[in-house]
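Everything below concerns the one structure shown next.
Letters A, B, C and D mark the chains as written, and numbering starts fresh at 1 in each.
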Amino acid sequence: MSLLRIEALGLSIHGQRVLRDVSLRVDPGEIVGVIGESGSGKSMTALSVMQLLPRGARCEGRVMLAGQDVLTLRERALCGLRGQAVGMVFQEPMSALNPLQTIGAQVAETILIHEKVGRREAMARAGEALERVELPPHRVALSRYPHELSGGQRQRVGIAMAIALRPRLLIADEPTTALDVTTQAEVLKLLKRLVQEDGMGLMLISHDLGVVAGMAERIVIMRQGRVIEQGRFGALAHPYSRALLEASDHVPARPAHDGQAPLLRVSDVVRDYPGRRQGWRGRAAPTRAVDGVSFDIRRGENLGLVGESGCGKSTLARAILGLEPVEGGRIELDGQPVFDGHRVNRAVRRRMQVVFQDPYGSFNPRWSVARLVAEPLYLLDDPPQGAARKAAVAEALSSVGLRPEDGARYIHEFSGGQRQRIALARALIIRPDLIVLDEAVSALDVSIRAQMLDLLADLSTRLGLTYLFISHDLSVVRNVTDRVLVMQGGRIVEEGATAQVFAAPGHPYTRRLIAATPRLPVSA
Amino acid sequence: MLRYGARRAMSLFVSLLVASLVIFLALEIVPGDPAAYMLGINAEPDTVAALRAELGLNRAAPLRYLDWIGGMLQGDFGISYTYRTPVAGMIAERLKVSLPLALYALALSTLIAFPAGIWAAQRRGSAVDVGVMGVTQLGVAIPNFWFAMLMVLVFAINLRWFSAGGFAGWDSGFLAAMKSLTLPAVALALPQASILTRVMRSALLDTLGEDYIRTARAKGLTRGQALRRHALRNAMIPVLTIIGLQFSFLLAGAIIIENVFFLPGLGRLVFQAISARDLIVVESVVMLLVFAVIVVNFAVDLAYAWVDPRLRGER
Amino acid sequence: MSRMGLIAGAVLTLLFSGAAVLSLVWVPHDIEAMHIAERMQPPGAAHLLGTDHFGRDILSMIMVGARTSIAVALVAVGIGMGLGVPLGLLAAARRGGWLDEIIMRGNDLIFAFPSLLIAVMITAVFGAGAVNAIIAIGIFNIPVFARLARGAALSLWTREFVLAARVAGKGRLRISAEHILPNLANLLIVQGTIQFSLGILAEAGLSYVGLGAQPPVPSWGRMLADSQTMISMAPHMALFPGLAILLAVLGLNLTGDGLRDWLDPRLRREAR
Amino acid sequence: MKVLAMTALAGAMTLAAWGAEAKSDLVVGLQLEPPHLDPTSAAAGAIDQVLYANVFEGLTRFGPDGSVNPGLAESWDISDDGRVYTFHLREGVQFHDGSALDAGDVVFTLDRARAEDSQNAQKALFAGIESVEALDDLKVRVTLAQPDGGFLFNMAWGDAVIVAPESIESIKQRPVGTGAFRFKDWVQGDRITLERNPGYWGEAARLDRATFKFISDPTAAFAAVMAEDVHAFPFYPAPENLPQFEADARFQVLVGSTEGETVLAMNNAAPPLDNPLVRRAVAHAIDRKAIMEGAMFGLGTPIGTHFAPHHPDYVDLTFLSDYDPELSRQLLAEAGLGDGFTTTLKLPPPSYARRGGEIVAAQLRNVGIETEITNLEWAQWLEEVFRGKDFGLTIVSHTEPMDIGIYARPDYYFQYDSAEFQALNAALSTETDPEKRSEILVAMQTRIAEDHVNGFLFQLAVPTVADARLRGLWVDAPTQATDLTGVYWEE
C-alpha cells in the first residue's frame, strides 16, 4: 500500500486556482522527485500534504497519508501527524531555524511535542538525531545557536528536526537549492542514506532535474498546477518533459574561439575588506577576499569563473568593474588601468558593463525601462540626447529581442527572463567590449535560461563581445565558456580550456567540484 | 567584553559631555535673572547685586560650568538658586514620585499591550483584531492631557473615587501612594499602551510570517504553541526598543500630566525652575534625564543581547 | 479593512484641511470680536458648537485653529524631513565613514533629550510662540527622518540597481538623488503623515502649557487650556477642541496606515 | 473592562483615603509655593501667604481690615518731632526654638534688613531708619532720619517680621518665629505643614495642624476643592468657578478686596505712548466692565487712578477714562495717528493679565491699535519689562499697599516723569497732618489720572473658596497673608 496517495488534488487560494487534479503517490522506501519550474505548484502540493497552506486556501480531492485523508482531519489531529508521521525540510537553511533557540532545543522540541518524555531524554534523543545527520554533538554541541553554523550544517539540523521521530514520509522542498554544490552533494547523500536506513518515503521537490535524476526512482513533472507526466527518469516522453530535459543541459551554438590577444589583464590583484568598525576609532583586522589573482581575458572569448559562495569571485568582479579600489596589483583593459590614481578611469569603464544575478533587484522600480537602459550613457562624455538617445535605447532593446515600445513601461510589468534581457540591453547600449555576467542566468528557470544563453552566444558572435561568465553552476559554465578559472579561498587554483579542465581536472578542489555537480544521466 | 564595555563607556562619556555643554550653553542665553525674580519689583538694584553675589551668579560662565560638571561627577549638583537647598536632595525627593509613576505607567502599558497585541495578532482580521486596532487608534490620537482632564472630571469630581491630584506621600502607606498615582499613570499609559499594542501586534505578525514558524508548525506545534515558543521572543526586539523609549518618555515627558494632577515630580520641578530661572536645577535635571535616557538605551542594548544570541558574540 | 481606514482617514484629513482653508476666506463668526455677554453659550442654532469664555464662536475658533495646527505641524515636519532626509542619505552614502558617525551620533544626542523638556527650554530661551514651537517640534523630527532615511537607504544601497548605476559611472550623491530618494518616497510619505499627526499632538501639548501660538491666534491646545476651569460649567468648551485634535490626529494616522498598506505592503514598520 | 478594574481598585483603596476631616486639621490650597521660607529676603508673596502671622510676627501687624495693630510691640511712643519711636515689647514671648524674644532680636532684624548687603526685597521700608538701639530687654528705640507717617505701617509688612540671630542660618529651610503656629514639615513641590505652637504668648490657635498644599494649575485647584482635597483656597485662581461653588452648599465663597491696583501700564518714555493724547486714546478705548467681566468674571472694583477704592482718601476718577471708542479714534487722529499704530503687549502669567490682555487687544484693535501679544514668565517679565523697559503695554497688578509713590520715580518701568507729581510726593512724605495728607493724596490721584499715565482697570478682588463649616478666614487681603490664627471648624 502506498504511504502517500494524492488523488485529484485541487487547490485554490482566495479563489485563484493553484493546483488542478494533481495525483501522485509515494511508497515506503521510495524517493519520488517532483520537478517543475517556478509557479508549477510543486511546493503547494507539498504544503497541501502538510496542511500548512497560506490563508484563504481551499483544497479538494483526497490526500491519503497512512490510510487517513488529511483533508478531512481536524487541526488537532494534523498537529499529531506533523513531525510524527511526516517530516518536512525547507529550502532556506538561514531562515528556517529559530535564531533565538539552540539547535538542541529545536530538535528536541519535535520529540517533546509528540511524546511525554522529560527534557533531558529529549535532548539525548536530539543528540542521536543530530548524530544521524552527521552532526555529532561532540563536534557541534547541542547548545550552539543557528547563526554559529554553516549553511550545510543548518540544513542538517533542519533534517534532524524532521526525522527525529523517524516519520514514515519525509518531504524535502528544494533542500539543497541554497547550498553550494559540494554541500549539496553531501546533503543529498545523507537524505538517500536516511531513506535506506529508515525505509521512509521521500518526496524530493526541486527545480533542478540534475539533482533529482540521480536519486529518484520516480519523477513527477509539474507545470502550471498540473502533473504533466510521471515515471522513471529514462521513460519520460512528454514533449514538455523532453524540452525541460534539453534546456537543463543546453549547449548554445557558437563558433570556437581562437584569439590570443588579451583584452583585460589582471595581475596580482589583492582585495581586503576592512574589519568591523569598533567604537570611535580602530577596526578589527581586515579580511583578504582576493589574494594575488592574475589572469587574462582574451578578446572575443567567453571566460568562465567558477567557485563556491565566499570564494571571492564577486569581489573580483567588482574590482574589475572599478567599483572598488584594490589593495594591490593592477587591472588593465587594453593596457589602460581601470583606476587612474584614485579616480575611476572613465575611458576604461565605458568599455565594460555588467549583468547581475537578481532580475528583481537590478532595476530601480521607479524608472521607466527606457531610462534604465539609457543609464550607462552617462559614461559618455557627450551622451546622445533626444531622438538619438531614443534610437539608441530602441536599438538596444531590439538587439535583446524586446520591442522598442517596451521602453515606456516599468520593470514590474516584465517577467524574470525579460528583465535579464533588459539588463543585457542596458549593458549593450554603450557598446562595451567586455560584459561581466555575474551569475546572470542563475536565478532563471531552465527553459528561460536556455533562451538567454542562446541570446548571449548570438550577441557575442554578432558584436564580437567578450564575456566574463561568473557562476557557481559548473554545468552551465561547461556549456558556454572557452576557458575556465576555478577560484577557491580568494585564489585561482586552476585555469585552462574548459573542455580540458572538465575532462581532466588538475587540482583536487576542481575534482571535488566536478564530482559533486549533478549530471543528467546520458541515457536520456 | 571588558574592552567593549570600556569603549562603550567612553562614547557614553563623550555624549554626556556634549549634552552637558549644550544644556549649559542653552541656559546661558536664557533671558531672566533668578535674583531679580526672587526679589520682585520693589527691590533696590544693590539688593539684587548682593543676592547675585551670594548665589555666585556674578562669576564667569566657564567657571560656573566647570564647577557644575565637577560637582556632578562627585554627586554634588549644587545649591538651588531659589530653594537654597542642595539640588541633589530636591531631585531625589521628586524622583520618589516620578520614578514610581513612570514604572507604574510602564507596567500598566505593558500589562495591557502584551495580551491585547497577542490577542489581535492571533486573531488577525477578526472582529477582535479590528476592535483592538480601533481602540488603539483612538488611544494614540487622544491628547493625554485632555484624557486626564476628562478622567479627573469623572473619577475625582463626579464619582469621587480618587482624589483629584496631589501625592499622598509614601509615608501614608503604599496603597494610598499608589492610589494617588493611579489616574496619572492611566493617563500616561493609555497612549503608550496603544502604541505598544500596535508594535506588539505588527512585530508578531512579522515573525509569524517567518520561515521558522512554518518549520515549527511542520514539527507538529499548534498555532498557539508556535506563537508562544517561537514568535513571541523573536517579536520582543522591536517591542523592547519601544519599551526603552517609553520609559525615558514617561520619566521625562510627564510634565503636563504632573501639572494636571499637581504631582510634585521631576517634570514639574523643571517647569517651575525654568520660570523661576533656577538654572542650576534645570541644568541638573535635564542632565540627569539625558543620562537616564542614555543608560536606558544601554540597558535596552543589553536586553537585546539577552534576547538574541546572535548579538552576544559581538559584545 | 485598511481600505476603509484609508477612506475614513482621508475624509477626516480633508475635512480638517478644508476647514482650515475655508477659514482663510470665511468663518461663521468673526473670532476677533469679543461678546462677553454671549459667553459660554451651549451649542445652538446661532453658534453650532457654542461660544467660549469671551463669547467667540467655537466652530470658527476650531476652523482657524486648524490652520494653526496644520501650519505648525506641516512646517515642523517639513524641517524634519528637509534636514533629516538629506542627512540620512548622506550618512548612508558614506556608510561607516566619519560623516556617518557624526550624523548618527548627533541624532542619538537629540534623541537623548526628552523632547517636551527641550521644547520648554527652547521656548524659555526664545520666548513662547508659534515659530519657536515649530523649531522645537522640527528639531525632534530631524533624527526621526534621518534614521528612517538612513536605514532604508542602507538596504537600498545593497540592491543591484545601485551597483548598476555605479557601473554607469555615477557618484554617490547622484545615486542618492536619482535612485535612493525616489525609492524612499513612499516610506517618507507614510512617515511624514504619522509625524504630521504627532506634530499636531505636540503643538496642542505645547499650546496647552502656553508655549505654542500666542493669542489672539487661536489654537486647539490653548482652547483646551482656556476651557479647563470651565469644564463643569461649559463642557462644550473642552469637548469640541479635544475632539478636533482627536479626530484630526486619528484621520492622519488612519491615512498614514492606509497609505502604508496601499503603497507598499512590505512597509510594515510601526511608527513610534 | 477598564472601568470595572478601576472600581475594584477604588473599593480596595477607599479606606486609605487621606486628608481626613478631623475637626482640628485644615488643608489650605495655595497657587504658588514659596521658594524658601525667609520672608525677610525674598519678594515672593507665597512666603507671606504661608508664614505671615502664622509663624512670623512683626512689631506691628495688619488686621483683617488692613488696620495696623500692635504685634510683638505691645505699645509705642512717638517723639513730638515724629522721628523717634520707642517700642515696648511684650513680655514672655518665646521663639519656637525656646529662646526668648528681646530687644536684641529687634535690633538684629532691623539692622540686617537695612544693611549694605541686605537681601530684603523691600529695603525701601527701612531706608528712613537712622539708628536702632536696645534700651533694655524689652524696649527698642528707632530713630528716623525724618518724620514718616507710614513707619508703623511699614513695620507691619511681612518683610519686617522679627527674626532671631540664633536661627537665621537655617531660616530658609526651618523658619523659627514667634507665631501661633510653628513650622513642622515641607515636602517641596507639594506641601508645607504647620502645627499649633503650645507656648504661644497670645490666644492659642484653634487648629492643631494646618497644611498648605501648592496647586499652581487653576484646573487642578478646581478639582481639588471640588473633591474636598483642600478645605480652603485663598486667592482662588479661577473666578469663573465661583458661581458653581456658591451654588454648592458644601462651600462658602468669600470675596474681599486687595491692595492690587490692576493697570494697563504704558511706556511713557517710548513713542507713540509718550504722547499724552495717545495714552488718553488708549484709556478711552478700554472697556473696564468688559475686561472685569471677561477676565475676572465680574470680580473687582473699577478704578480710575492708582489707589485702592476701600481707602478713605480714594476719589472716583473713572469718568476721566470712560469707555468711548469714538473719542479714542478722534484723539488718535488728533495725535496724527489716524491710521492707528502697532505696539507690544507683554503679559505676565496671572489670568487677569493673560485673559485681560486678550480682551484689551481686541478693544484696542477696535480703535485701530494693533498689539503683538507676548506671554512672559515672571522672570522674563521682570527682565524685559520691569528692568529692561522694553515694552509698549503690559498688564500687571501692583499689590503693594499704598504704592502711589512709584509714580514719583521717573526710572520706574512705566517711566512717568512729572515734576508736579514728584513735588506732591515729597510733600506727602514729610506731612503728618491727616487732613493735609488727605488733600495731597487726592491731588496725586487726580494728577496721574489726568495724565493718563496708565490705563487704570480695576482693583483686584480676592476670592476665597472654603468649606462651608470654616470660620475665621480673612475676607480681604490687606497684605498677602493667610492668617489662620483665628480659623476654626464650626461644630
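Here is the rule we go by: a contact is a pair of C-beta atoms (placed from the backbone, for glycine too) under 8 Å apart; a residue touches a chain by one contact, two chains touch by 3 or more.
Keep in mind that this is a model prediction, so the values were computed, not measured.
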Which two chains have the greatest number of C-beta pairs in contact?
B-D
Can you compute the centre-to-centre distance for subunit B and subunit D, using the mean CA position of each chain? Integer Å is fine.
38
Centre to centre, by mean C-alpha position, how many angstrom separate subunit A and subunit B?
49
Centre-of-Cα separation between subunit D and subunit A, whole angstrom:
85
I need the residues of subunit A touching at least two other chains; which ones are they?
280
Of all the residues in subunit B, which ones touch at least 2 other chains?
31, 149, 153, 157, 259, 274-275
Can you list the residues of subunit C that touch 2 or more other chains?
124, 228, 231-232
Go ahead and list every pair of chains that touch.
A-B, A-C, B-C, B-D, C-D
Which residues, counting only subunit B, touch subunit D once they are in their complex?
31-34, 36-44, 46-47, 50-51, 53-54, 82-85, 90, 93-94, 149, 152-153, 155-157, 160-169, 172-173, 175-176, 178-179, 182, 186, 259-262, 264-265, 268-269, 272, 274-277
What part of subunit C is in contact with subunit D in the complex they form?
32-34, 36, 39, 53-54, 124, 127-129, 210, 214-216, 228-233
Subunit D - residues contacting subunit B, complex
2, 6-7, 9-10, 12-14, 16-19, 33, 35-36, 41-44, 116-124, 172-173, 187-190, 213-217, 219-220, 223-224, 226-227, 229, 349, 377-380, 382-384, 386-387, 400, 413
Which part of subunit C faces subunit B closely enough to touch in the complex?
1, 105, 108-109, 111-118, 120-122, 124-125, 197, 201, 204-205, 208-209, 221, 224, 228, 231-232, 238, 242, 245-247, 249-250, 253-254, 268, 270, 272
In the complex, subunit D residues that touch subunit C:
218-219, 222, 226, 238, 240-241, 243-244, 290, 293-294, 354-355, 357-359, 361-362, 365, 373-377, 380
